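Down below are the structures I want you to see.
Look for chain A in each of the two complexes below; its partner is chain B in the first and chain C in the second.
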Partner chain A sequence: MGRYTDAQQDIFSVFATNEWKSEGIATHPSLIVPDNPGQEYIRISVIPSSTGINTKSVAGMLLIDIFAARVQGPRRPMEIADALDKYLNAKSVQLSSGMTQFMSSSTGKPLEDREDPALSMTLYSIAFNYFGEN
Partner chain B sequence: MSQITSIGAGLFSDLAVAAPATELTPAGIAALDTDAEFQALFATEIASMGGTPAPGTFTRIKNVREFPSLGTPPNVVNVPVFGSTTSQQIQGQADAPSMEITLNFVPAEWAKEAGNILGNFVGDGKQHVFRFTLLNAEPTGTDDTKYASTAPGVGTVGNSQYYWLGKLEALQVSPQLSDTNTATVTLTIQSEFFGAFTS
Partner chain C sequence: MAYAALIDAKLSTAYRQLKDLAQTVVFVRTEVTDFDFSSGQPAIEAAPEREILAVILEETKKKGVKKMQLLFKTVDLPILSGFDQVKIKGESWSVGPVVHQRKYITLLDLVSGGADG
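And then the complex of A and B:
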């Protein structure tokens, strides 16, 4: 496969593990609408927007929108961000010949979800590098 | 595990110094050259403050901001060759490197107090065994063997270990008014670099 699909495959594989599933947080890739509106979930977008260290590598950001019930206040999005950190922050994944390495994460300000006012939306972002060898 | 097999950033790279219960004798130091001999010195981590040295104990030098290049720089000498249009190059005797490490400074870790390992190593004039471990991933072990040289420690992930003998010569503190306080630790290198070993 190519570097873009390899990087995306590495990243999505994190959310396919039994360890992540056991966290009980519904997980959807971008453009997929969740089945149960109003319920807590996260939405994953892989943005391989930067050139990597060579022509077989790519770098970018993993953006995760955290949707949590507004009535739970600001604590719940941070709990989900901490859960994400366990699997992403400074972690590495290697499914193909290349390796995807995550750096350090950050989060943004919780906002009201325009689609569903019962939910808040908090952006969790983390830079990644997919390293391929020439 | 084994040596690191892919390109990556050494996010969890680690520097440590052996802190055995009894100092190594000159003969003991001279005999060190195999991976097993060095790895045995880094079996159990102890804290710099209040750690109890015992056979195989070591202390990590934590909070490093920046590592220098490891290894001995070459001293390439150009040699004129009679009748040739180009000179030749040979490797001359290289200068022993010194090593400066910048770290985020925690004063208690480096205080020159009784029972403080790193603080008392600074300027003690004694040779110590150092280990640098290149780690792209965090070891999955726990407690005082998480960073041990052997399988329950750094051997749980890809690792490349380098060992050398040297002295902790100086500690220079750089107070910062708008950033964390930093310090520069200067090591002198008094042996060749052994490795890269792995476990």
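And then the complex of A and C:
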């Protein structure tokens, strides 16, 4: 495969593990969110937007929208961010022919979800570098 | 008769009286139930096709993209998603934005070129 597909495959593989599934947080890629996603879920977007160190590599951002019930207050989105950190923050993944290395994560201001005001939406972002075989 | 049922009955009568201005269209509803992060593929479930009576209000073609607006009873199809398809006279259309949806009537944009269009 190519560097874009491989980087996405590496990142998606994190969410295919039994360890992540055992966290019990519904996980959907952007544009493939079901009609009724529930009161708590995350939405993943892989954005390979920067050049890598060579022509087989690519860098970018993994953006994760954290949706949680507003009635649970501001703590729950941070708990989910901490759960994500366990698998992503300064971690590396090697599933494809290359290797993906994550940097340090950050979160944004919690917002009211425009589609469902009962939910809050908090952005979790983390930069990544995919190193392809050269 | 309760008002809701009365309005629905009157709407059904109106659609019948439109005769060939209203036509039968086929909705193919597709629901994404899950996503497999190992394979990168969505799990898709297709519901049975559903025929409804609808009125085509407008057909346009801009920059090679054909669009139309469809008016139908909301009760005939209360749930819509961007994965759904509509077949009209053998041609497939993708479901676009809902222009207007109220309890009784829905106005929907369609874009030419569905999965097999």
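Throughout what follows, the second predicted complex is superposed on the first by the 131 of 134 C-alpha atoms of A that agree within 3 Å, B and C clash if a C-alpha of one lies under 4 Å from a C-alpha of the other, contacts with A are read in each partner's own complex, and residues count from 1 in each chain.
The rule is simple: a contact is a pair of C-beta atoms (placed from the backbone, for glycine too) under 8 Å apart; a residue touches a chain by one contact, two chains touch by 3 or more.
What you are looking at is a predicted structure, and each value in this text was computed from that prediction instead of being measured.
Asks: With everything superposed onto chain A, say whether chain B and chain C fit together or clash.
Replies: fit
Asks: For A:9 in the superposed arrangement: first (chain B), second (chain C), both or neither?
Replies: In the superposition, A:9 touches chain C alone.
Asks: Per the contact definition in the header, classify A:131: touching chain B only (first), chain C only (second), both, or neither.
Replies: First partner only.
Asks: Please indicate which partner A:37 is in contact with in the superposed arrangement: first for chain B, second for chain C, both, or neither.
Replies: neither
Asks: Name the contact category of A:53: first (chain B only), second (chain C only), both, or neither.
Replies: The first partner, chain B, only.
Asks: Of the partners chain B and chain C, which touch A:73 in the superposed model: first, second, both, neither?
Replies: Neither: A:73 stays clear of chain B and chain C.
Asks: Is A:94 in contact with chain B, with chain C, with both, or with neither (first, second, both, neither)?
Replies: A:94 sits against chain B, while chain C stays out of touch.
Asks: State whether A:117 touches chain B only (first), chain C only (second), both chains, or neither.
Replies: In the superposition, A:117 touches no partner, neither chain B nor chain C.
Asks: Specify the angle subtended at the CA centre of chain A by the CA centres of chain B and chain C, expressed in degrees to the nearest 10.
Replies: Between the chain B and chain C centres, as viewed from chain A, the angle is 170 degrees.
Asks: Once the two complexes are aligned on their shared chain, state how close chain B comes to chain C by Cα atoms, in whole Å.
Replies: The answer is 22 Å, the least C-alpha separation in the overlay.
Asks: State which residues of chain A lie in both footprints, the one left by chain B and the one left by chain C.
Replies: On chain A, the chain B and chain C contacts do not overlap at all.
Asks: Which of the residues in chain A come into contact with chain C in the complex?
Replies: 8-9, 12-16, 27-29, 32, 34-35
Asks: Under the definition above, what is the set of chain C residues touching chain A in their complex?
Replies: Listed in rising order, the residues of chain C that touch chain A are 31-38, 40, 42, 79, 81.
Asks: In the complex of these two chains, what residues of chain A are touching chain B?
Replies: 53, 57, 90-92, 94, 98-99, 101, 103, 129, 131-133
Asks: For a test of understanding, state which residues of chain B touch chain A in their complex under the given definition.
Replies: Residues in contact with chain A: 6-9, 11-12, 136-138.
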